[in-house]
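Data block below; observations after.
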Amino acid sequence: MPDDQHGHHAMPPAHPFDDDKLREECGVFGVIGLDQAANFVALGLHALQHRGQEAGGIVSHDPEHGFNSARRFGYVRDSFTKASLMDTLPGLLSIGHVRYSTAGSKGNTQIRDVQPFFGEFSMGGAAIAHNGNITNAAALRRELIERGSIFQSSSDSECIIHLMARSLQRDIPARMEDALRRVEGAFSIVAMTRTKLIGVRDPLGVRPLVLGKVGDGWCLSSETCALDIIGAEFVREVAPGEMVVITRDGVESRQPFRPKKSRFCIFEHVYFSRPDSILGGRSVYETREAIGRELAKEAPVEADLVCPVPDSGTPAAIGYSAESGIPYGMGIIRNQYMGRTFIEPTDQIRNMGVRLKLNVNRALIRGKRVILVDDSVVRGTTSRKIKEMILDAGAAEVHFRIASPPTAWPCFYGVDTPERSKLLAANMTEDEMADYLGVDSLKFISLDGLYRAVGEAKGRDPKSPQYCDACFSGEYPVEPADMIEQGFVMKTAAE
Amino acid sequence: MPDDQHGHHAMPPAHPFDDDKLREECGVFGVIGLDQAANFVALGLHALQHRGQEAGGIVSHDPEHGFNSARRFGYVRDSFTKASLMDTLPGLLSIGHVRYSTAGSKGNTQIRDVQPFFGEFSMGGAAIAHNGNITNAAALRRELIERGSIFQSSSDSECIIHLMARSLQRDIPARMEDALRRVEGAFSIVAMTRTKLIGVRDPLGVRPLVLGKVGDGWCLSSETCALDIIGAEFVREVAPGEMVVITRDGVESRQPFRPKKSRFCIFEHVYFSRPDSILGGRSVYETREAIGRELAKEAPVEADLVCPVPDSGTPAAIGYSAESGIPYGMGIIRNQYMGRTFIEPTDQIRNMGVRLKLNVNRALIRGKRVILVDDSVVRGTTSRKIKEMILDAGAAEVHFRIASPPTAWPCFYGVDTPERSKLLAANMTEDEMADYLGVDSLKFISLDGLYRAVGEAKGRDPKSPQYCDACFSGEYPVEPADMIEQGFVMKTAAE
Amino acid sequence: MPDDQHGHHAMPPAHPFDDDKLREECGVFGVIGLDQAANFVALGLHALQHRGQEAGGIVSHDPEHGFNSARRFGYVRDSFTKASLMDTLPGLLSIGHVRYSTAGSKGNTQIRDVQPFFGEFSMGGAAIAHNGNITNAAALRRELIERGSIFQSSSDSECIIHLMARSLQRDIPARMEDALRRVEGAFSIVAMTRTKLIGVRDPLGVRPLVLGKVGDGWCLSSETCALDIIGAEFVREVAPGEMVVITRDGVESRQPFRPKKSRFCIFEHVYFSRPDSILGGRSVYETREAIGRELAKEAPVEADLVCPVPDSGTPAAIGYSAESGIPYGMGIIRNQYMGRTFIEPTDQIRNMGVRLKLNVNRALIRGKRVILVDDSVVRGTTSRKIKEMILDAGAAEVHFRIASPPTAWPCFYGVDTPERSKLLAANMTEDEMADYLGVDSLKFISLDGLYRAVGEAKGRDPKSPQYCDACFSGEYPVEPADMIEQGFVMKTAAE
Amino acid sequence: MPDDQHGHHAMPPAHPFDDDKLREECGVFGVIGLDQAANFVALGLHALQHRGQEAGGIVSHDPEHGFNSARRFGYVRDSFTKASLMDTLPGLLSIGHVRYSTAGSKGNTQIRDVQPFFGEFSMGGAAIAHNGNITNAAALRRELIERGSIFQSSSDSECIIHLMARSLQRDIPARMEDALRRVEGAFSIVAMTRTKLIGVRDPLGVRPLVLGKVGDGWCLSSETCALDIIGAEFVREVAPGEMVVITRDGVESRQPFRPKKSRFCIFEHVYFSRPDSILGGRSVYETREAIGRELAKEAPVEADLVCPVPDSGTPAAIGYSAESGIPYGMGIIRNQYMGRTFIEPTDQIRNMGVRLKLNVNRALIRGKRVILVDDSVVRGTTSRKIKEMILDAGAAEVHFRIASPPTAWPCFYGVDTPERSKLLAANMTEDEMADYLGVDSLKFISLDGLYRAVGEAKGRDPKSPQYCDACFSGEYPVEPADMIEQGFVMKTAAE
């Protein structure tokens, strides 16, 4: 059912030349206790836009109108800043969501797939939004349809609403506990009833969720950078496996799940989170700079210039330069008017590829031995094009230094990854990759080096890793049941 | 939840000066066995546009994409004629719906309330659209939510889908039979599965539904005028209480309900249906002309000109003129560019009221005794304004002749009626109404006269009326359960 | 230069199945002395919408903002009723224009071609709008460009502004007189300066223009029906060759041209003007009814039913029926939701042609001898299709009666006519046309009959015709200079 | 006349919180000799987007359609990348323009004010676009209107077209020479006829214009970064006072003006041009790094961190860090989804100001003595807010280092500057400014230091300055005639 009023016209097609990054799929934000709460949610989502640019949705509740909702394709700033729209979202309680597409009809999102989802129960309504992925969603959906549930979206998140509808519990938070105990995977949830703001992290705490205080109210956010924009004070992270239920009377903490050891996503440090966010007590920027320093130690090379691949490689490049003493310079300039994508572009424009976004600072590069620092290599397509641009501009040598280990396994916990066969590192050794990219050298940070940079002085504990690093290690802390049913083969002992 | 992408912006507000007609709420159309079936559905809906101008929706099915759907506010011709949209609705099987708002958030329709509704069951999907009203929808909805169904719209029609989802039957038509046996009210349904086109009329057959044959395919339509536009041949009316299940192999007739005596809506003859449609074997135009003749016999008056209130009063005026011998003339001219309504008009334009739509042909009216023939009087507001315009233009006398009996009771079977207190005839006698309107005389056709005009030579059978005439008589053939719960008081024996 | 912001996207394509009518090309309206004058202009233009449906424009002036302007494609009601737009058009003085395309890039109108046109002169600005056509526009344009004028539109009306800019006169009305003395053709103009509302008719008075009084203000309009909608009183027609200059102090009459005998367009009576307008002291409706009576006398036939081709044939059909005594009935029903045209329709919809707009009232037609009354036959394409529909419905005989003489010559005075070779009557005799259309008989009213019906008891004065009837007679009262240059051959004595 | 179809709805309002930068007003680009030339122009304009974000326009010419044109509000990438639009701009010859508003109705741009402008002359048409400002435009416009020219825009650039229209020369380049000799100010022009691409720089060469070669074709561009995007080779700068006329046969150089000493805009080096462009043989990035080094020498301070105000302060901050040895770090993070502005924002969002765009990297800043490097201080409003954010985040000290001298005079040569009374440096000494901003120290680079950084080893020649530096020095190389007439007072000897 691929349509809704104007829905799929506004839908952006896959980016023709930017498929070479992993994509975080969602950011969530919620506020209780502030007048015009939805305005604060809009600001929070704007600060979380890097976590999802395809679409956004906000739900609010006020006593006069009940639940109010708006969902829009495109950037938060293009819709959820307008008074005419925000006036339709009154109330002291609001949650919101930004999304990149993930499960659900990928590349073909309809407005009805945009979160938050809403359900009317006999004791009142609830809206729910989440960041992450439910790994047994297909099985749950089959079961629910069999019993007579009617799904309105292709999003697996809707399962949670239907599970709640069928719970025998008498209040909404208890129904949510019931529902979440049936759900597997990674999920950081913000939800709301008429009077409560609710936050939950899955037992492993794969995705981030933080609690903030702002004036007389409270807020929940995927990252701390979104607390800053509304002037909220960072209180603490919601703990893995914790449910917080926030009302006018304060924050109640519940533990719906059996306790497990935390496995936070290490890629949040490398790429997903914004550099000005604080994760685990440390600025992401500092961590990335530390990765750069670690990389300079692990993989030194003689050169004239350390140059970031903008913008995500910048902090690591600054760290690499500081550690190595090789001057830092902006050898690649990013067109800041690039935006996200083009709608039905001409062939000529489609063929321009990375040139539309990046230009080489020829005068700076010419004749130099250049170290390019990037955050990751996924398919390798962009890395090849950048290398060509740098050589065309007259660089003497090109050395790639990558601020993460080789990405060899897909993520099933809320990140959009190509299938394994398309991951460069799943098919080549580091040397083969250097050859393929045609660079003078290519080095990735080691997995232990990365753990040291994020603060684990002894590196990775192989028996009980401190983070989820499945994309690098192939060790999945939650079995991806739906994917296995579809044929995905887990790593064997031999690999 | 008052929003969806652009949904409520495109939503037309209540018409500021056209609240003086009863509004038919829906038209349905379905096709099986023709290539690009949705194109034929669009044409059919265009021909049925008079039954609902607020929004329209079409669903189709093809083996490659499965079910396809599009819903739009506004006229069929403005959306469902464009190749770019219709190309998204391929397949040999398609149904569609045009709606005026009714049950559901009235005056505040969202795109998600626009039919057809779709449900995915364990044995496959089905789409359903209906014309009419479910009189026990609120009670059904409460019961279904209590059991864990999640409603996605405020439309009561969605109940049918949820009832079907919970049926224990193994195929979709059987589930629909199950569901409809729980439903009370008036409903002419077209529905589709991946391979079947289904039509149902409620046991009383309040709303029309006809079967047509076109090439190798079949179609279902609210009225015959929509068969004409696609060149289909009229086969027969679907019988009250009948379900037809149409496949490639032909038409199967089922009888899901206990037999009842038919009670077709008599107002379809007076106003709702298009004059070129055939109802019960007779052209609506001829019936209306006959009403005019009957009215001329019942309520003659000496005058110089018989003048229709355009456009709905025209056939009765022609009949009145022919019977009375008083010349027929177009004393009131309708602006054909009027359209349906204005979005956020200026005050000046809002105040123009009926003048925007109608102008008096002053030269023709001046000095004449004028008989104005209109189809009905609901609130009386427009009638008063027309009378003033006619007198301003210099008419010597103004006599109103109304082609229906006094409308004294609201309809609960799919027609948008003001509440009883706003119906002029619920509060005044015919003489009081004449006074109120300030006309020289006012006469309604008698209920018996109307029955004679529609072909019941002996008039109305008071013990077992041949038609549903609740809006005139207050005798409701199906108890309006939800309304009674909300406080509506049925006619007592004394009335 | 075929574009302007969104301009040509909004541009409607040629109507795929409605090319069989002559099209009036413009309506003009102006108001002085009323608060929010532009609102009244919008209402006036809404009443004149039948004179041009492609686009409309309004200019107003207020002391604070100076001249304000808005131009839009589509119906007046869809744009110029919204408070948000009308608020940008404040002031006591305003003029407006509705257009069908004519000279200028036909079928390819840009928003910059939409009148009123505006020019800034050394003594202040002026806006001007006209109904008609300048027959020496191409020559004037060449001359002006040669002298250094820069044209901003492809509309020939812009010539008037440039001629005014180059006049040596010291005030704007005097400059306009200067300019208009260089201009040939048919033009009814409304114009405005900061303080004056100006109306002009060409020396022959080919196009209509009337003066009205409303409250303390004045208005100018193409037709009286637009006076009615704003409650203005009809004062008089602006005389052929007269210029009226209206200020707060009243109406000044000027005579810029050498006196000529009036030659009003007779087709305004037949088709262009609205039936409720008054032309030359007589209602257009009555004239058309008289044409029908005259036609019944000139071309009687035995039949069972007189049936109008809706809507323009209706008054003449009523007259024919009254004179002949043959019953009048609506054998063809018009879909009132048809609108003007379809944007990029599917092939199936394009092929539906006239069926989208008209349906036969089969029950009424079956077995009858039918007289179809239409206003004119241009290409004959629609007439053929209507005849087929009527016969398919089972009519026994079909007789066409046409309320105008054969249209054998193109109009160069502001009406969109096919080139001569496409006019049926330019290539066939009446009998050949009857054969071509496949009807039992076809009769046109005679030119003398038409003159009698419009009130000329003695018919047409062949030496000095009372009207412009070039489309019937080929006698052009103003030589079409540009067209002759392009190869048009005038009627010779022999024809 | 503030409207055109959709024009002023799409018009962005003044940015509520970003009025603290000087704004370059235009970028120009032209191509001859490449198939689908307009596509290359679109790419060039995308690369020049930093020179003007309000609107863009492209004109092309092809033999079949003649001149084609499209103008749009918003970014190039949002309009001029779509195949559906670009297909309307065929041909081997095309020019384009991006604009920020300048002269003309500031903050109230209409689509008709968007360049290129087009004029039809007796020998054919020409389109023209320019970057800069005509300082005697008001006087020229008055004169032209007096003689009968009709202006269609409020842009002073239209004067050039009218002057050309009135020239007695027989070919278009000669007419352009004639016209430009009447024009004063700064102007880098690209223009086109049906067969020629033309580039002109004013006699002082205030604005940049470069010539490139691409395949068999040629291009003209404001900056070299736009040559890179289409893969063009940089040939040379168009010389001050030079006109190049490019046809299939090659590049002809003309000298329409009396020779003058060049006075290129020094602010292009500081801020306007993109860092990857080459000006006068040197990369803008390197010049800015050199400014940072110079600044570190002129205004050293003990500190812990050199931090750029993103993004324009970055290269100078890198230079300052390299020269001073103080570590470089990203203490302020820019939200890359900020876009340009908000349309009708809510009050809450309006009040967020700079927070929407910038966030402090708290963990990095805390406890540190921070040197903030910015490119310029205009009103000082943003600088104050940034200082507050840095202090709130716990910085120990805040030192501002500015990569340009105090901006004390408005620019009249194509840059949007506040009036003098609003320029902080026009009203305060450096110490007063430091007090006003509340920072521990504030230092601007000296004018001589800036000249050294751009490569003038001996600094500024006070008798004959090598650059236009009027915004710093108040010495205007071209008398701003229109502004003086409006009351602007030039610097006196005493100042």
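First chain written, first letter: the chains are A, B, C and D, and each begins at residue 1.
Throughout what follows, a residue touches a chain if its C-beta (ideal position, glycine included) is under 8 Å from a C-beta of that chain, and two chains touch if they have at least 3 such contacts.
Which protein is which chain? UniProt says A, B, C, D = Amidophosphoribosyltransferase.
Since the structure is predicted, the reported quantities are computational estimates derived from the model, not experimental observations.
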item	value
B-C or A-B - the one linked by more C-beta pairs in contact	B-C
Averaged-CA centre spacing for the pair chain B and chain A, given as whole angstrom	50
Distance from the mean Cα position of chain C to that of chain B, given in whole angstrom	37
Contact graph of the chains (line, ring, star, complete, other)	ring
Residues on chain A engaged by chain B in the complex (per definition of touch)	1-8, 10, 59, 65-73, 88, 111-112, 118-122, 142, 145-146, 148-152, 161-162, 165-166
Of chain D, residues touching chain A in the complex	36, 39-40, 42-43, 46-47, 49-50, 53, 75-78, 81-84, 86-87, 225, 228-229, 274-276, 278, 282-283, 285-286, 289, 311, 314-315, 318, 322, 327-330, 333, 335-339, 342-349, 352, 355-356, 359-364
